[in-house]
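One structure, pasted below without further comment.
Each chain gets a letter, A, B and C, in the order it is written, and its residues are counted from 1.
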Amino acid sequence: MSLLGVQDVVTAYGKIEALKGVSLEVAPGSITCLLGPNGAGKTTLMMTIAGILKPKRGRIVFDGADIAGRAPHAIVGRGVALVPENRLVFPGMSVLENLLAGAYQRGDKKTVAEDLERMFGRFPRLKERAAQLAGTLSGGEQQMLAVARALMSRPKLLLMDEPSLGLAPLVVEEIFRIVADLHKDGATIFLVEQNAHMALKVAHHFYLIEQGRISFSGTPGALAEDEVIRRAYLGSSKA
Amino acid sequence: MDDYAIGVLTNIGLVSFLALSAYLLLVAGEMSFGQQAFFGVGAYAGGILTAMYGWPLPLAALAAMTLGALAQLLVGLPTLRLRGLYFAMATLASAEMMRILFELLHFQRVVDGDAVGPDGTQGFRGIRWVFEHGVEPIEYLAIVYALLALALAGFLRLERSRLGATLRGVGEDAELAAVLGVDVTRCKLGVAAAAGALAALGGVLFAHHNTYVEPRNFDIMLGVHSLAYALIGGLGTALGPLLGVVLDIGALEGSRVFQGYRMIVFGGLVALLLVWRPRGLLDERTVQWLKQRFS
Amino acid sequence: MIDLAQNTLDGLFLGSSYALLALGFTLIFGVLRRVNLSYGPAIMLGCYAATWAHLSFGAGLLALAAIAVLCTTLAGAYVERLCFAPHRQSSAIAAMVASFALWMQLEELATLALPRHIYDFPPLYAGAPLDFWGLSLRVESLVMLGAAIAVCALLWWILYRARFGIAVRAVIDQPNAAQLAGISVPRTFMLTFAMASAIGGLAGFLIAASHEQVTPMLGMWSTLKGLLAMMLGGLGSLPGAVAGGLALGLLEAHSQWFLGPQARDLIAYALLFLLLAARVPWMTTRSAS
């Protein structure tokens, strides 16, 4: 039984269909990775699952219920949190307030305070800068803040849209170490990536999206075997 | 036609000039809360020239239009670079200043034994050129609509021309237009002058229809109404503002069915209409569709 | 000298009523980036409802205050549903014109119920003004100033200390991220609007009770004064709204004293026009919250 099941989802911008019937599954406790070129529909899919975009057709089954077309805050309430592309922290609010905003739906102050401590334990840099405005953080710090903010809602499924985008290689490694850590603690993660090398190290299952359709589904081994994908995404031939 | 019908139709025509003036600015991307000021300038200037100095109406109208254009240029020069709400507030401030200046204006002259001219908050009586020259109400109505038709013809021609397309471009994205080589400032100043002249023409005709004007006529209510007419009717064509005026003054006030609570009906209808069509009944898309359909 | 001091004092008190009006206006603008022209007419409707309750049942001051605040809030919620909720993504002009349309509606509704040109409103305080070294101090003015300060403090607390404040600031800061954090943007808009309208209702009640009358001009007056004070203080800043209101009050009191009542309004508008034309930095760079 999968945690997330996307079934034949079509999402359109006006008359242009960015997703032309996408189906995929994310197993509980797994790291699933979506690869694909720019403009293939990766971010559109993430935004559709998170409820920012409404699908024209199809079902999105999360934890046994169809969440397609529901309001974003209701989807967060059901346990799906998205770390958006380009992070989108609240630049005019402090790091601490960003984290509290992530826990907005949770009424219990005590558990929120506990989680806050846990986040500061996991991301010591954020603790140092708790009172600083988020807009003044570096790109990597903002990415960590965005991840921590999403975790503050205690999601059952964490969606991450290109967390490595625009970050220095060392920072990218740190981000992927965090992804692996989160997985070790039992999180289910659905990740969009351009950086297939890094994704290969952590993910259990891969999907490839091209022109709004899923064109490949398989394990890291199968992905590495596929000559075409190797050329396109790993930048080297088998020889 | 009875007098009441003629009165309503004339009013529709007069207010249409003001609505067109607001529409022209909206197309060029500026929202003005202050077109009533130039309507007022036209009314006062035209009235002063005919009633106090004995000018013929056509000449007075031309002079008033020139003055209206100059006045709007004067206001526009320092403010046209402001955006959205800032421009709207600057026009509101200038229009209210103008209204207060009308209240402070005491300028009278004895004509045929009577003191004639603006008398502060008491208003300006005796703008009687139309009656003295034996123009019948129905004839005056014809004059108003002939001028309105002329203005509309100008608009429709403009909208088919390259200049019209340029204006819409400036309205939609001034920066893009500037990058494409359009002199945005000149464009907007031209629009301002034309809008001022149009409003002033409406004002002259209004003053000579009513024979009496007072500063209160030109308060913010009038300005926001004209803006609303342009938006209700639609921003796709110059016929839009006219449709807006006809709907309000014609259908609601004219029909006398909703007397006493006309504004409750009108206000609710407008709000609902804008939910359905945020750029008015005859918006750009509808106009495009109609054109394809009938050409 | 005593006149100058008295004028300054009067100006500050007048300004505190403007500050209250501007606070509600600013809250709406800060969150929605939209101007609500029927802010004033909603206040007028609230005050008319209170006046009606006073005439019909002789309701006491506290009840009148409650009625004014409640009815203004309801009218505000109606305006939000019809004019602002549908236009969140689309044009700002449509929202503004729609709110103007409801202005007409609310005003006519109020004057249909109470058609006379002027109605008495029970005074906030019936006693004589206090006297301090020759300066006369109206108790109602003190209450107004106190209310402006209290509302400002309460708003600050809500925005920077309460959980709801996080939602409001998040929506202002980055609306898309706010949705992803689980904050309902429509609900935040609605509640902010209601809060702003309640402040407006309180302002309206205090103004009516210190002028001891209501007239059909109350709607337009509130919208214009609130808008003017908000613009003078720099759009969208709460401390700016208070400063703008007080500055407007001082300006009006002094120019009325020196130049007469018509010059009073003329100077306020001229100042706004000049500041806009000169594009002074605090007015043309928008700060949030």
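The definition used in the following text is that a residue touches a chain if its C-beta (ideal position, glycine included) is under 8 Å from a C-beta of that chain, and two chains touch if they have at least 3 such contacts.
Model, not experiment: these values are computed from the prediction.
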{"item": "Per-chain Cα centre nearest the global Cα centre, belonging to chain", "value": "C"}
{"item": "Pair joined by the larger number of C-beta contacts - B-C, A-C", "value": "B-C"}
{"item": "Centre distance in Å when chain A and chain B are each reduced to the mean of their C-alpha atoms", "value": "54"}
{"item": "Gap in Å, rounded to a whole number, between the CA centres of chain C and chain B", "value": "30"}
{"item": "Geometric centre distance via CA averages, chain C-chain A, whole Å", "value": "44"}
{"item": "Residues of chain B touching chain C in the complex", "value": "26, 31, 78-79, 81-82, 84-86, 89-90, 92-94, 96-97, 100-101, 103-104, 220-221, 224, 227-228, 231-232, 260-264, 266-272, 274-275, 278-279"}
{"item": "Footprint of chain A on chain C - complex, ascending", "value": "163, 166-167, 169-170, 172-174, 176-185, 288-289"}
{"item": "Residues of chain A defined as touching chain C within the complex", "value": "50-52, 71-73, 76-77, 81-82, 84, 88-93, 97, 100-102, 104-105, 149-150, 153"}
{"item": "Residues of chain C touching chain B in the complex", "value": "35, 37, 82-83, 86-87, 90-98, 100-109, 112, 220, 224, 227, 231, 235, 262, 265-266, 269-270, 272-273, 276-277, 279, 283-284"}
